[in-house]
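Letters A, B, C, D, E, F, G and H name the chains as they come in the text, with residue numbers starting at 1 for each one.
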Amino acid sequence: MPDVGPAVGIVMGSDSDWPVMRQAAEAVAEFGVSFEADVVSAHRMPAEMIEYGSRAAGCGLKVIIAGAGGAAHLPGMLASVTPLPVIGVPVPLKYLDGMDSLLSIVQMPAGVPVATVAVGGARNAGLLAVRILAASDEGLRRRMEEFQVTLRDQAHAKGERLRAEASQLSR
Amino acid sequence: MPDVGPAVGIVMGSDSDWPVMRQAAEAVAEFGVSFEADVVSAHRMPAEMIEYGSRAAGCGLKVIIAGAGGAAHLPGMLASVTPLPVIGVPVPLKYLDGMDSLLSIVQMPAGVPVATVAVGGARNAGLLAVRILAASDEGLRRRMEEFQVTLRDQAHAKGERLRAEASQLSR
Amino acid sequence: MPDVGPAVGIVMGSDSDWPVMRQAAEAVAEFGVSFEADVVSAHRMPAEMIEYGSRAAGCGLKVIIAGAGGAAHLPGMLASVTPLPVIGVPVPLKYLDGMDSLLSIVQMPAGVPVATVAVGGARNAGLLAVRILAASDEGLRRRMEEFQVTLRDQAHAKGERLRAEASQLSR
Amino acid sequence: MPDVGPAVGIVMGSDSDWPVMRQAAEAVAEFGVSFEADVVSAHRMPAEMIEYGSRAAGCGLKVIIAGAGGAAHLPGMLASVTPLPVIGVPVPLKYLDGMDSLLSIVQMPAGVPVATVAVGGARNAGLLAVRILAASDEGLRRRMEEFQVTLRDQAHAKGERLRAEASQLSR
Amino acid sequence: MPDVGPAVGIVMGSDSDWPVMRQAAEAVAEFGVSFEADVVSAHRMPAEMIEYGSRAAGCGLKVIIAGAGGAAHLPGMLASVTPLPVIGVPVPLKYLDGMDSLLSIVQMPAGVPVATVAVGGARNAGLLAVRILAASDEGLRRRMEEFQVTLRDQAHAKGERLRAEASQLSR
Amino acid sequence: MPDVGPAVGIVMGSDSDWPVMRQAAEAVAEFGVSFEADVVSAHRMPAEMIEYGSRAAGCGLKVIIAGAGGAAHLPGMLASVTPLPVIGVPVPLKYLDGMDSLLSIVQMPAGVPVATVAVGGARNAGLLAVRILAASDEGLRRRMEEFQVTLRDQAHAKGERLRAEASQLSR
Amino acid sequence: MPDVGPAVGIVMGSDSDWPVMRQAAEAVAEFGVSFEADVVSAHRMPAEMIEYGSRAAGCGLKVIIAGAGGAAHLPGMLASVTPLPVIGVPVPLKYLDGMDSLLSIVQMPAGVPVATVAVGGARNAGLLAVRILAASDEGLRRRMEEFQVTLRDQAHAKGERLRAEASQLSR
Amino acid sequence: MPDVGPAVGIVMGSDSDWPVMRQAAEAVAEFGVSFEADVVSAHRMPAEMIEYGSRAAGCGLKVIIAGAGGAAHLPGMLASVTPLPVIGVPVPLKYLDGMDSLLSIVQMPAGVPVATVAVGGARNAGLLAVRILAASDEGLRRRMEEFQVTLRDQAHAKGERLRAEASQLSR
């Protein structure tokens, strides 16, 4: 398996999804994991989409993150042509608050799973990719544990400020 | 354009969709329109699915009817590889009453339309295919008009029976 | 069949639907297909609406595109009085994000189909009308295939820009 | 105004709606109000539907009750061609639990109201028709008040039995 | 029956509902029908609410229009203490787009109907009240018919402008 | 405060709600807490409903549990006439799976809270009533803690059986 | 039972919930009830969350109010480790209007109740906490009754202004 | 890292979830991957649940699959105490068709991802776990690719039977 390329492929149906999807890229980058990002549209370039998915494992990718909105077919179609884990990000459109995107991604038929995250939850898609890689990389797993400690400490700090502010009310 | 093959292609993600989708076939057959039916799964045989769509126009098909349930990607993916009109039938699964199927099919992005009918509305998919063919076939259009007269007459007959039954109540 | 009039009729319940529905007109015009546009309200001018639908085929129209919002009855009512294919566009209103419009249009009873597109998806309604006409017009079908190539090329160009931008992040 | 005909017209899109809609008829009959019932399908006999609505007031009808399911256009279309109050009953179909029927009936545009009752709520449609007639008929209004007393007494009796049963548990 | 008071009572749970509900008042006023408007909160002044409903028929009111949002109990509670027809207006709140208001009003149990209109559809509530009064008032009914003609004419005029605008596109 | 009567009042709109609501009674009885159960319909006996709520605190009740379905007004109306905590149980009806009941109960306006539990969650309503009473009754609180230990032990036992069964699969 | 600490604990998953949740604090403070407020995140500091819930009763807290959004686990998790009544506030996020928050909080399994209030209904959470405390505190209950009188009087005053404004329209 | 234990932990809130969740176990077993299954209830045994999650990585587990229904907190809570990838299975309950389970699992806040599959989609959860393990295990990945070929071949065989059956209709 050639392993020189990036570990995570981040793709989306249109560059208009990038403001959401770049949060996946940033999360992955925070952990020092290599990635590539591209526009791969299931509906506008289906042949290239199939090819991207079919070649992904051979190119050394370990996880694919795919974001799409509305009738969001990209994550599921990629999952059908790769044995890699595919993470789906429901991108919300102007109407329906992403409920269409969510159901189009998560309700996959038995045989072809997509690991779905929250509506607009691209950051979590990145973190999930890191967890998946960390399942076989102890160093990365330790960094994830440290990250979780940081989350806790930030919440503590927020609590401290909130307690101070709330104590004004209770007098 | 070789026109020897059938005019309507009726495809579905699994043979479990057939009890719903055969109503499309029956509607088409009632009008003497030739058709073919097949299992073409977006998720289980993506390469063949792409090929089916890509070759459809060249084989003489004029309309494709595609049924699928849950994260229903088949109609939209076919529409992305054919210039033919594609009719999507949302097949209801065990949960969510077909709302996931409906949104996965109808909410296509600009550029790639799918003509969507009601949840489980395969009969109407067949009738819509006939209307599409009839747009350039005056004989077929006359048969559609006759069919509409029949619908009216059947509704009249039902009304007659209902008036009789209801008149019992109103005494 | 007198064929001098336009091929596509684009109607809507109110002129307030025009900002959405003009995208259907623009799509049709891009392909050089003739069309007419009008306000035909199912609820405010029912007699004229019935007449519009009843005469459509005779006037040479081949496809009707009808947009409406809320309890959206126009597409279905037109479909009941014409043998032509009718495309319905769910126009979103202030509340409910077009879910009421979508269900009122797509959930037609067996016998009278409406080809429904996405909430606010008027552009796709226009493209679907072109595909329907192209089913019996090889020249138009080739133009649709060229259009699909353009979609792909635009997506490619977007991908190129995105790859450049994303590579900044991955350093 | 010729007043010899029935006061309430109860119509529905298909005789399959009768098991639900007969509860409207029974409620009206309990109050001694005359009615007629018929199949009047918006989609299968649009011309007759328009005619039914247009002639209703002239025939002496005072209220129309219309039941329909799915993309339920009958109540709203009748309301567009009559000045009479139209009561809409959302009949639930096999899927979506009547939510499509409800939204198709209740979400009418400004100008053409439909008095909508609960999903499957045909009995209340009948009672609402009686209340409307009773607004100008003091005798009928007294009967409605007596009916409301009966409802209360029945609830009382149910409470008595429940208290007895529940007291077994609390020992 | 003392008939000196107004014919229509328009009540709402809070004065914050007035911007929506005043459209009911305006519609009623356009037809020269007398009305009164008041804040009658089911939850903040339940005893007065019950009293308002109980006395309404005796005071000469013929129809009650009640608007409320969220867990909207006012229309149903009034309907339980009056034999008059009660029209419910689902007022949308900040979240859920009025779906909670709609279901709380329309889904009344058998025995106590509420005539429900669209989310935010106060104008139609006023027009429905006029139709109810017109069922026994031929003059008012004629004015409703004239109003319907006006709706049609306005739609015609809009169509004319739209045709002109659209013809620019089709060149 | 006369404290001779029961501590918890369990009321419902109809005796048809009893199969659901008796689970509240059973939960309360398991903790030895006294209760009464009755039919108190907001819509069929509004005056008695108001009286029940108004007198509840004076009769020694500490908590009211109210179940209702559809346009479920009972919990909110009782909360408007009593200072006691009111627990609302959304009883599911034949259609809409209790979503109407849930929204009608939980979406109360600011000023009048209802403590809402899950659709059909009457057992939890009983347990919540016990927790509320236990907030000022240390003995009762200890019993609640013991109950929570029992829940844990039952889950443990279920886990043991499941591990055994699953180990068959993994061989 | 040491009773020196505050009676009500108000916790939330993040300080971004504070603009909503402070309304709970203000309501509690209006009644002179002592409270504490803190950030206690189920997902970012699970161990501390468990500890907070486990120690709450021992510290003298009588009621916990917990607000969270999205997959909102805080109220239910706290309820699983304390015998105290827990009030859940569904905080709406950017998408889905709080429907996810509501269902994640209210749909608790049998055994572990959460007293759920409206989406964004933090003020009612505070008032519910007061009612719970008032169930065993006659002075506090009297203040709740006075508060309810104030609500009524405010509604009266609003009604007076509205009647004046509406009377302009009816002339 | 001690690697003697099973690679996949399959846990659920109650043994009533087992009929759904055993499909995850079977999928994992088909690939020869070792697993354990247990009842770990977030609400009935929170301390043990936290402990299970905290120790999972240290025990050699690589992936956790967690199923739960209603206010489904188990997957998200486990994800908050482990750095491993957690797959969530929304188990449908009696009401709401699993929509509550889905939203409670998928809508996790930024920082703590859960890889969510379809409502009742336990088989896909198992397959996703295999894909995750296969990301760093070439032999397992080849087996996944073979499995995908099998899916395709089965779909082909179904298509053959369907074509035969459908050809009867088209005569």
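Operating definition for what follows: contacts are C-beta pairs under 8 Å (C-beta built on N, C-alpha and C of every residue); 3 or more make two chains touch, one makes a residue touch a chain.
What you see is a predicted model, and the numbers here were worked out from it, not measured in a lab.
Any chain touching chain B that also touches chain E appears here: C, D. Note on connectivity: the fewest steps through touching chains from chain B to chain H is 1. Spacing of chain B relative to chain F, judged by their CA centroids, is 48 angstrom.
Chain centres here are Cα averages; for chain E and chain H they lie 51 Å apart. Annotation: 35 Å between the Cα-based centres of chain E and chain F.
Counting partners per residue, chain G has 14, 44, 70-71, 80, 96-97, 99, 106-109, 111-112, 114, 118-119, 148, 151 as the residues that reach two or more other chains. Pairs of chains that satisfy the touch definition comprise A-B, A-C, A-G, A-H, B-C, B-D, B-H, C-D, C-E, D-E, D-F, E-F, E-G, F-G, F-H, G-H.
Chain D meets chain C in the complex at residues 13-14, 42-44, 46-47, 50, 69-73, 76-77, 79-81, 93, 96, 99-100, 103-109, 111-112, 114. Residues 92, 97-99, 118-120, 148, 151-152, 154-156, 158-159, 161-163, 165-166, 169-170 of chain G are the ones that touch chain E when the two sit in their complex. Residues 6, 10, 12, 14-15, 18, 22, 25-26, 29, 34-41, 44-45, 48, 70-71, 94-97 of chain H are the ones that touch chain F when the two sit in their complex. Interface residues of chain A facing chain H in the complex, by the touch rule stated above, are 1, 57, 62-63, 80, 83-85, 87, 102, 106-119, 121, 123-125, 127-128, 131-138, 141, 144-145, 148, 151.
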